[in-house]
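In what follows, chain A forms one complex with chain B and a second complex with chain C.
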Partner chain A sequence: METLKRKSVVYLALAHATLLESMRRKDLYVAGILAVLMIGTAATVGSFGVKGIELFLKDVALTVINLLSVVLAVLFAARQIPEEVSHRTVYPLLARPISRGDLLFGKYLGALALSVIGLLIFAAVGAGALAYYGLTLGGIFWQFLLLRVLALAVVVAMTMALSLVMTPGATVTLALLLTIGSATFSGAVKLLVPGSSPAQQILLKGAYYVLPQLNLFDLTKKVSYGWQPVAGWAMGTLTVYALLFVALFLALGALRFRRQAL
Partner chain B sequence: MSSTGAKKRGDLPQIALCAALFVATATVGGVLAPRAQSEVEMPRTGLTRAQHTRLEEVASASLFGQFRSNMADFLYLKVDKYLHNGVELRALTPYEEEVEHADKVGVAESDIREGFKQHGHDETTVVPSKQSDWRGILGDLEREVQPYQDMSAHTHRDPKEALPLFRLMTWSNPNFIPGYTLGAMMIARDRSKVDDAIAFLKEGEANNPQALEIKTELGHFLTGRKRDFEAAVPYLREAIAIGKQRDPKTMTEDEAEAFQNAYRWLVLNRREAGQPAEARAAAEECVARYPNDVVCRHYLAESSKP
Partner chain C sequence: MTDSLGAREALPLASGAVPANAAAAATSGPPALAISRLCVAYKRGLFGPVNRVVHELSLSVRPGEVVGFLGPNGAGKSSTIKAIMGFLTPESGDVRVFGHEAGTTQARAKIGYLPEVALYYPFLTPLETLRLYGRLQGMGGAALEQEAMDLLKRVGLEGREKQQLKTFSKGMQQRLGIAQALLGSPDLLVLDEVTSGVDPIGRRRLRELLQEVKQAGTTIFFSSHELNEVAQLCDRVILIRGGHVVDERLMDDSLRAGVTSALEDYFIRTIQQEGEGK
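Moving on, here comes the complex of A and B:
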């Protein structure tokens, strides 16, 4: 119990330091500038008149929220550990009584907090702009936000794990491909499996189950088209699914980080 | 104290950039807004043949042409998704066609009576049904989080809300023929808006003088909806003339269907207008080209009776 308490203090301190560092570097200014652009775009579209294209606007607004929050999350997560190493600030950190796994998890929490703040900024701007034009998103919007937070949890963990085996550029590219291309990959596998040979089917199905299916965390279409909220069992299962992938990626990252020469 | 001041001064460029971006985007909106109107009642954007030729020679038209086409295609797909309440459809793969493996897509009888076309047998849903899905719980999750329903006898959303998208897509790409023909059909579902539908088609015809689909639709609307038989004839004859000039092998499915329909509407038009000789001539030409055409054969058989 005492160990858990001590670990929690360590994780929170590291996450807090990550947040402060990001504030100092004015990372969230990027979110601010993108939010201002969103408002400007909404003002431009609104001046043309939104009557009749409500559904289209909702779809576009939610897609923009998804896209921007994911790009920010990948950019935040990709540089956490590599920068600590390249700036040599990792040494004083590891000189304290914390393990490399603790450092990774603390940094993960900080990067996730930053990503969620970015998501909430975009969501507030998007929902606010839609509300200004009298468009409501319904109760399912809260489920949309919760699933986006879970998706960001997976994306940040995956990106941090990748950043420990790749260069920052490659990490960002691969993480964005896996994240934004998730729906395309899922669709392609669904199409290819039925007509494939048994060996090919094993490969395709294996890839489908091993990679996180992030498109399952996207309620954009249901929110846009005014569907009813998603069933509780689905939200629960997706939470477990996300946590499993977070644990897997962080465990793989910690294993790699432990063996990495600094 | 001085460091705080320096920090604040350091923030100034970012704040200025934010403000400048906001002012710029709002200004663009403000300048453009008076030049456009929302919804279907936008001014005609019809181009003459000479304007078309001039437009094709403008470099910026070529540069932005692809974007405009993509935008129109994107909006057309949005309309399809909208009508199906967000449920996405796709074409069958060769394997699915061969083994008849995919979930069936069909329109409910009630919607067919209201003018919706029946789907072909070459479509299925992007998200498969539980019976044809190998993914277990991940498939169940996808059916829960994505818009999904059994589409074997589906109904559609009220297309009224999709009308502005047709306006946007034909505004984005005035050469997007399906935008005009399907858009007119959707507009005309409200019987009081048939004139608007015809005006929309006429705009399309002005922008695409060689599009036989639009001319056929104009003939169809003027004959079937307005019963203005004489006004419809020139459009139908022009559609047939364009069709004759074309190589059937290079026609799209829509063009081929419109070509055949032009004959059918001309036969019906002339029959209703009390011009049996012209109707018979059109029907004979139609049967010569399409020996199995039911409408034309039926007319010939009927008119041959004493």
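Moving on, here comes the complex of A and C:
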């Protein structure tokens, strides 16, 4: 119990410092600028009238929220540990009685908090712009947001793990490909598996299960079409699925970070 | 003995010789720092060449002792210190801090560390920085606040507690580095180039601060190119070159004589002799 309390203090201290540093560095200004662009686009489209294109507008707004929050999360996460090492701020941190895994997890919480703040800014602007034109998103929008937070939790963990084995540029590229290309990949696997050889099927199915299927966390269409909220068991299953991938990526990252000479 | 430059040659460290304050502080416990046959190598890529920077280095520091770790650039000082801190995995050898394996949280809980080039989060204030390190150290509450404020005062940063570090000079950052190293009253201070970038006034202040820490019985192991600091602070000096110890001496009055010249002469002479011997 005492260890858990001590660990919590360490994680919160690291997450708080990460958040404070990024806020003061005005990292979230990027989110603000992108949000203003969203408002500008909505105003331009709205000036022609929204009658008949309600579905399209909702779809676009939600997709933009998805995309921008993911891009922001990847950019935040990709630089956390590499910058600590290249800026040498890692030395006084790791001189303390904490493990490298503790540092990774604390930084992870900080990067996730930043990403969630970014998501909430985009969501507020998107929902606000739609409301301005009299378009409501219904109760399922809250589930949409919750699943986006879970998706970001996986994306941030995956990006931080990748950042420990490749350059920041490569990390951002691969993380965005895996995240944004998730739906395309799942669709391709379903199409390709029936006509493939047994060996190819093992490879394709293996890749399908090893990589996180982030499209499962996307309720864009359901929100746009005004579906009823998703069943609790489905939300629970997705939460467990996300937490498993977060744990897997952070464990792999910690394993790699532990062996890294500083 | 007097050398050609007029400085008296110091006596080599006699086996079992113990500096006065170290003897007073030493107990029957393990050494503050014990390095045995340490080898550190860096490898470029999977199949790249191996560059051995530390070879079979052995040394021991008693509790309460102040030891200067000297050597020319590239001698292996920083790599040895990184091995003490657990920042790299040695190729072979054993490093122990008060009996605990180097790099473990138990070992690091005993150490206050100042890196050679310390950089801190530029958008945090000194107080926030010390709060962060204090919490990582297991401190908290009013005790942490009080100690952080006291340390900032001791290193001459009072009145700047709420100024972001991006506005700090290198010397001021180094002083903050000393403050974070002293946070939590560590048993062993490991300082890599302690006065690097500090102006003469700040240097004197740091020297006085380290003298206080020394008087309190804290073990100090530090590398420095500033032999004046070493002469005034150390009980003993260890010289390394090419990754291994070439000599070690107790700091007696002869090495302190002339403020810097005697120690400087000894350093240059020993390093050159070692180079010619190869």
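The criterion applied here is as follows: the second predicted complex is superposed on the first by the 262 of 262 C-alpha atoms of A that agree within 3 Å, B and C clash if a C-alpha of one lies under 4 Å from a C-alpha of the other, contacts with A are read in each partner's own complex, and residues count from 1 in each chain.
By our rule, contacts are C-beta pairs under 8 Å (C-beta built on N, C-alpha and C of every residue); 3 or more make two chains touch, one makes a residue touch a chain.
Since this is a predicted model, take the numbers as computed values, not measurements.
**Student:** Would chain B and chain C fit next to each other on chain A once aligned, or clash?
**Tutor:** fit
**Student:** Does the superposition put A:R6 against chain B (first), chain C (second), both, or neither?
**Tutor:** In the superposed model, A:R6 contacts chain C only, not chain B.
**Student:** Output check: A:R25 vs chain B and chain C. Expected answer is one of first, second, both, neither. What do you get?
**Tutor:** second
**Student:** State whether A:L262 touches chain B only (first), chain C only (second), both chains, or neither.
**Tutor:** The answer is second: A:L262 touches chain C but not chain B.
**Student:** In the superposed arrangement, which partner chain does A:S99 touch: chain B (first), chain C (second), both, or neither?
**Tutor:** In the superposition, A:S99 contacts chain C only.
**Student:** Specify the partner with more touching residues on chain A, choosing between chain B and chain C.
**Tutor:** B
**Student:** In Å, how small is the closest CA gap from chain B to chain C once the two complexes are overlaid?
**Tutor:** Shortest inter-chain C-alpha distance (chain B to chain C): 8 Å.
**Student:** Find the residues of chain A that appear in the contact set with chain B and again in the contact set with chain C.
**Tutor:** In chain A, nothing is touched by chain B and also by chain C.
**Student:** Using the touch definition from the top, list the residues of chain A that touch chain C in their complex.
**Tutor:** Chain A residues touching chain C: 6, 9-10, 12-14, 16-17, 20-21, 24-25, 87-89, 91-99, 259, 261-262.
**Student:** Under the definition above, what is the set of chain C residues touching chain A in their complex?
**Tutor:** So the residues of chain C in touch with chain A come to 42, 82, 85-89, 105-106, 108-109, 111-113, 115, 117-124, 128, 131-133, 135-138, 140, 164, 177, 180.
**Student:** List the residues on chain A that touch chain B in their complex, please.
**Tutor:** Within the complex, chain A contacts chain B at residues 26, 29, 32-33, 36-37, 39-41, 43-56, 59, 147, 186-187, 190-191, 193-195, 205, 208-209, 213, 215-219, 221-222, 224-225, 227, 230-231, 234, 237-238, 241.
**Student:** Which part of chain B faces chain A closely enough to touch in the complex?
**Tutor:** Touch residues, chain B against chain A: 11, 14, 17-18, 21-22, 24-26, 28-30, 32-33, 36-39, 75, 78, 81-82, 85-86, 93-96, 101, 126, 128, 134-135, 137-138, 140-142, 144-147, 161, 163-165, 168.
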